[in-house]
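Labels for the chains are A, B, C, D and E, by order of writing; each one numbers its residues from 1.
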Amino acid sequence: MTAATPSAAPILKIEAIVKNYGPITAVDHVSLDIREKEFFALLGPSGCGKTTLLRMLAGFETPTAGRVLLEGKDISPLAPEKRPLNLMFQSYALFPHMSVRKNLAYGLEMEKLARGEINRRVDDILSMTDLVRFADRKPEQLSGGQKQRVALARALVKRPKVLLLDEPLGALDKKLREKMQLELKRMQHEAGITFVIVTHDQEEALVMADRMAILKDGKLLQCGTPEEIYEQPADAFVANFIGVMNFIDGGVSEAGVFEAPGLALALAGVRSGKASLAVRPEHIVVSAAGGAFGGVVEEIAYHGLDRVLHVRTPACVQPLQVRVPADAGHRSGDTVGLTIDPAKVRLFQS
Amino acid sequence: ADLVISNWDGYMAKDIAETFKAATGLEIEVVNHATNEEVMGKLMAGQGKGYDVVFVSSPFAEILNHQGMLAPIDKAAVPNLANLYPEAAALAYDPGNAFSVPYTWGTTGLCYRSDVVKTAPDSWMNLLQPSDDIKGKTTMLATDRWLMAAGLLAKGYSVNETDPAKIDEAKNLLIEAKKTLLAYDDTTFYSKLVSGEASLVHAWDGWCNYGITENKDIKFVVPKEGSDLWVDTIVVMKNSEKQAEAMKFINFILDAKNHAWAAENILYKVPNKAAMESLDPKLIEQYPNMGMSPAELTKYELLRDLGDAQKDYSRAVSEIKAAN
Amino acid sequence: MAYQTTRPNMLAAPAVLWLLAFMVMPCLLVLSYAFFQRGTWGGIEYTFTLDNFAHVFDPLYAKIFLNSARIALTTTVLAILIAYPAAYAISRAPRVRQPMLLFFAVLPFWSNYLIRTYAWIVLLNREGLLNGFLSFLGYQGEPLSLLYTETAVIIGLVYNYLPFVILAIYSTLSRLNPELMEASRDLGAGAIRTFWRVTLPLTLPGVAAGGVFVFVLSIGNFVTPALLGGGRFQMIGNLVYDQFLTANDWPFGAALGMALIAIMVALLFLQARATSHASGERQGEAT
Amino acid sequence: MSGMAKNRLPGRIVLLVVFGFLYLPIAVLVMLSFNESGLPTSWSGFSTRWYVSLAGNSEILHAAWNTLVVAIFATLISTVLGTLLAIGMETRARKSNGLEALAFAPMVIPDIVLAVALLTFFSRLNVATGLHTIILSHVIFDLAFVCSVVRARLKHFDFSIVEASRDLGASGWTTFWRVTFPVLLPSIIAGALLAFTLSVDEFIIAFFTAGPGRSSITLPMQIYSMIRFGITPEVNALATIVMAVSATALLLSQWLNKEQIQ
Amino acid sequence: MTAATPSAAPILKIEAIVKNYGPITAVDHVSLDIREKEFFALLGPSGCGKTTLLRMLAGFETPTAGRVLLEGKDISPLAPEKRPLNLMFQSYALFPHMSVRKNLAYGLEMEKLARGEINRRVDDILSMTDLVRFADRKPEQLSGGQKQRVALARALVKRPKVLLLDEPLGALDKKLREKMQLELKRMQHEAGITFVIVTHDQEEALVMADRMAILKDGKLLQCGTPEEIYEQPADAFVANFIGVMNFIDGGVSEAGVFEAPGLALALAGVRSGKASLAVRPEHIVVSAAGGAFGGVVEEIAYHGLDRVLHVRTPACVQPLQVRVPADAGHRSGDTVGLTIDPAKVRLFQS
């Protein structure tokens, strides 16, 4: 064991972990370091192995291979109840025979805390999760979002070293979700809890996470800060998965110019050959006409605070998505000019 | 079938249906009942429907008669009644065999291992207050009348005693006796003697003979205080549509040869003079109680239906069984 | 639930009609004898009386009831203690193998009650196999006299009704959501506390049903007390039996029967209320 | 799901011990059926004579057949009625105490009361008794046991799948067969096994409701009436055969199933 | 029944519907018209009664009061299976004993379609929901998102007149969700299905819905097109619930000027008195200094494509949220000037 653990030291070290369900490989040699007190987000498409990974950390699945170190110690032999981490289940797994209050008190009773202390902490978490009114209800009498909050509260109230949250806020409305996000951040800072959180809400991940990992088909694709991942995606999949990304297939000339039908963009530090240019909708600027290249507005999607134009261009098969202010006043069928900032693109060359 | 006959298992020859058919051309169907009580219950609840001839012990025959469920015995149709001992035609519950014909009879006493018991028993008290060597090695009959009879006889009362005070005395004696008792048993007591689990058991004479078959040291004795006379009878149901055939069947059974079968095979005495006289003397040598004469037997008191006193007996027996 | 308000009664109807026709009507007929007198020679004398009910309150019968309830309760507790782990183990076996295990748990009981009981006599005898086995193990003392004791009665009853409890408990364990147990472990409860606080309450309806089976069957049993208990123990079922068949006293048998049915139904209502409270009924399954 | 430290050893030990207990007397019984002397007290050599004599004992075989008929029909009817009753009771908006009592009653009515009542009833109505009346009577208590087992399972039943089925256009009947029934199947099997087992062993009610002749004698009736001579080893032989045949049939069907799947 | 139903005619008419669970009122006199072939979104905070409302439409709860007309006919007496609408359950309610394929075929079998037709439609929906590989699995062998897709597919494959979807996409990653959104829209147009969808994803609602309704505590607050609701929220709750909204409490002077500490804004058509000014983050323009009023940047949240500044101003207690481009280069502690466009604000006066 290392002497004093600095804040950047890994509290949880996942080493080449694998989980097979018969012929199916759910998690495939994933190695990750999760640092003490950080907020770590796990992202990936449906079925990529997030839940399975968390279940292995919590001790409910035996890894087919690999191991998990908690503060430098292999926790494989530890029973779930002996691990200083808690899992919030994606499907909630609330105790149906207990009231909300009893569900929440359960974990504390296991720690043999005094009744008064338990009540105090349960009351706190009830009000934090807006569940005070529902304290005496049974789970079956709750709405979906209420159940999810009980599940979250039941894990939070334990204040373990590491909290594993499997889509903790998916069933909540935006306001409540934002409130919960703040509370989670507060707990991270005040109680020094390490969070590993699975979410499908990218904004949530980008806003909350100190670092995040992207999984696909059980494999780890990239791990880094939100900015790194958003701005320097490791591959086209990550680029496309996080945020919206336009891909323009073309080639780089000997002169270092990316070329596609109707488009030529001089780029620094690239080699010649086939390439795919990735550019985010907010990095394409629309002018009335005559930019670097142009196209026809096919569809306009209203996104509340701005609009996304789908512009058909000769450069690629898919219409390009271009973000414009909501009051920009474009209309379907308009011909527009587009300019791409070469500093804001990424080029994927095989 | 022409006749439906209910009897205890093994109480008639296995080939009775064939021999009867050969003799009379009539078909019979024999069904078995485990106990008097069960078949009684079924007859009462079902008004005897479907049964033609039934074998029950005498107190039950008496009840069936009181309930008006029995057909009179047609003496003319049963010439073999003449084979019976005169005593068997004068039994108190049915003098003249008006509604029943005795099939077997016998008494109840003590059956014991002469090789184990230190002194040969001769009193009900040997059973109820056994000597130390056989404490916990005695059994008593479980059926209410015989159980009570042991207590009543020990006290010198009638086996049909109806005085509640006397019934109570017998009951108390029996509750005391329970402490030294291995079990209440009216089916396998003889094998307990054979296996050595029990040394002295309360037994029907015939069943003691089953023990003797397997162990020569087993002996039967009627206690000096006396005992009961039990009679298993044949009755015909009033609802039977085949009463004439039923009489033929009874007549067939009373045939000396057929009736002797019972004595030879179930080792019960039969009240049939002709049959008894045809027995191999060796049988009586081996099973001495088979040699009891009708005169001896009829010294003992017949078990009679108790009428209203039955309630007191039932309650007393419940109390004994519940005692600890 | 709207679409179910009429249908439940239709579903219950066939069974209800069956019971009304073949249980309620006949039993009312016979139980009504309780209001009449036994004839001197058995049978019913149609003179109205409440005497039979008065006799039911004889302390003797209360004593017999309590004693047999105690034996039945001991049996029930033991049966549950043995059946639960067995049912649990069956429910955790591979799903395809579960029906087979259940089947093998009841198979012995397709032989006959009497012959199984006789087999127990062979086993429990002073000269029996159990004592033989003990002395084989080097036991020197007096052979155990197990037979004709309350212990023997209880062994016999537990044995014969064990599969019923296994079946009942298995039925509630079979699709219990394993995530609930995992959640409990995750929250710091060890296997044992998880069992007491989560698994058991959620399977309590099965335990209760199985317990009821053993209790009612034991308290009404008369073969085992007669054979393994040497007739030294009187169960309440025996008492009613004796009134009808031995004493030929149907009116009193009917009164006793009625009292017994009333007490047992009342007990069952209490039990049902208690378990439904303790198990937080109707919920808790995920797919 | 669940791979939580999957250690099968304790489960196996439990099953070994419990099954050992369940089969202990059965082992004795099987042994006795091969005992030359037929006596429970001593082993006098291996013999199949009791099997031979069983083969010639048409009374026992006939009674065994009747028992099978009674148990099968009573189980079928009571499983259907009991399951429907259970679902009806558990889906009712409000508990009905009357219904509750009705469902408990068959379990607590002393056998003898039911037996006497039924025969009195049939006799008064001039219903001819026979196997059919035994079946009818057995259904009474069998259905209560089935209902009880199935209800226990329903206490934790997720009714949203029933709703989903209705929502997808299935009638109540179809929903029952395609959703409720298969999901309840383990309990229904448990209930049916229970009913069958009870029926196979029931004596007093069968005795009273059987017809007067031999035609409706069941095995328990036959065996109880034989008690005077102790149980003959033929009966042990019969029990041995019944269990051996059932076990083989089951193992075979399992094996065939597996073959089919592969 | 009306003769020919024009597209704007209500296919579903909900009239003053109420649902009480004992003392709890889950739905409180909600009246709504849902038009034929429209895409109708139901929004509201957790526990506001959305699921309960859908369950009443589907026939699983009897309304305490009120009624539902489908094409002009009261459907109260109709059993769920007789109603030409389908519900996707929030908790999925998959048949545990059936494979995915069997789950999907179930509803079609109920229509007694030919085997070939059933297989064809099931195969289509399997590939549409990316579930082809999982067709033979049992639900317990699926991940959360996979289960959700099966539940969705099971409802979609029936192609009923009206589809009620209770959070159909909450457990899916963004890419998959967008794909599903497109598919749903396609079904709306191609098969002419009316959708009633519950979602907590506002963007989803704003992008997809033709109209939407906001519920709170069982009551209907507003019903209208996404633009109407975003731009003309009926009350402060709606304004705050949909999108981000800054509220500045102050008063309107006789002259029609809204006044708050440091801020004065001339507005048309308002009456004097206390008032709350609502303005969206994207409608506040940041200048280096000296706008209409100003403040200090307290926190900067990174949202991927742009940043949100939390600016403390004298005008209100809460910091104002102001949306700026990601490359705007503000830093915590900066003093900035803010300008509010009077045409883009809403004023709530009590």
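Observations on the model:
Quick note on the criterion: a contact is a pair of C-beta atoms (placed from the backbone, for glycine too) under 8 Å apart; a residue touches a chain by one contact, two chains touch by 3 or more.
Chains and their UniProt names: A, E = Spermidine/putrescine import ATP-binding protein PotA; C, D = Spermidine/putrescine transport system permease protein.
Bear in mind that the values here come from a model prediction, so they are computed numbers and not experimental data.
Fewest steps needed to get from subunit B to subunit E, stepping only to touching chains, is 2.
Put simply, the chain farthest from subunit A by mean CA position is B. Pairs A-C and B-C differ in how many C-beta pairs touch across them, and the larger number is found at B-C.
One simple way to say how far apart two chains are is to compare their mean CA positions; for subunit A and subunit B this gives 90 Å. The distance from the centre of subunit D to the centre of subunit E, each centre being the mean of the chain's C-alpha atoms, comes to 56 Å. Our note on geometry: subunit B versus subunit C, Cα centroid distance of 36 Å, whole angstroms.
For subunit C, residues that reach two or more other chains under the stated contact definition are 1, 3, 5, 127, 175, 179, 182, 185, 202, 244-245, 279, 281-284, 286-287. Of all residues in subunit B, those touching 2 or more other chains are 38, 41, 195, listed in ascending order.
For subunit E, residues that reach two or more other chains under the stated contact definition are 59-60, 79-80, 91, 93-96, 140. Chain contact summary for the complex, subunit E toward subunit A: residues 21, 43-47, 50-51, 90-91, 141-146, 148-149, 166-167, 170-177, 200, 202-203, 206-207, 226-227, 230, 240-243, 280-282, 301-306, 323, 325-326.
In the complex of the two chains, the subunit B residues touching subunit C come out as 35, 37-38, 40-41, 44, 62-63, 66-67, 136, 139, 142-144, 178, 181-185, 195-197, 305, 307-308, 310-311, 313-315, 317-319, 321-322, 324.
Listing the residues of subunit E that touch subunit D in their complex gives 58-60, 79-81, 86-87, 89, 91, 93-97, 106-107, 110-111, 140, 154, 158.
Of all the residues in subunit D, the ones that touch subunit B in their complex are 41, 112, 115-116, 119-120, 122-123, 129, 204, 207-208, 211-214, 217, 221-222, 224-230.
Touching subunit A in their complex are the following residues of subunit C: 177, 179-180, 182-191, 193-194, 197-198, 201-202, 279-284, 286.
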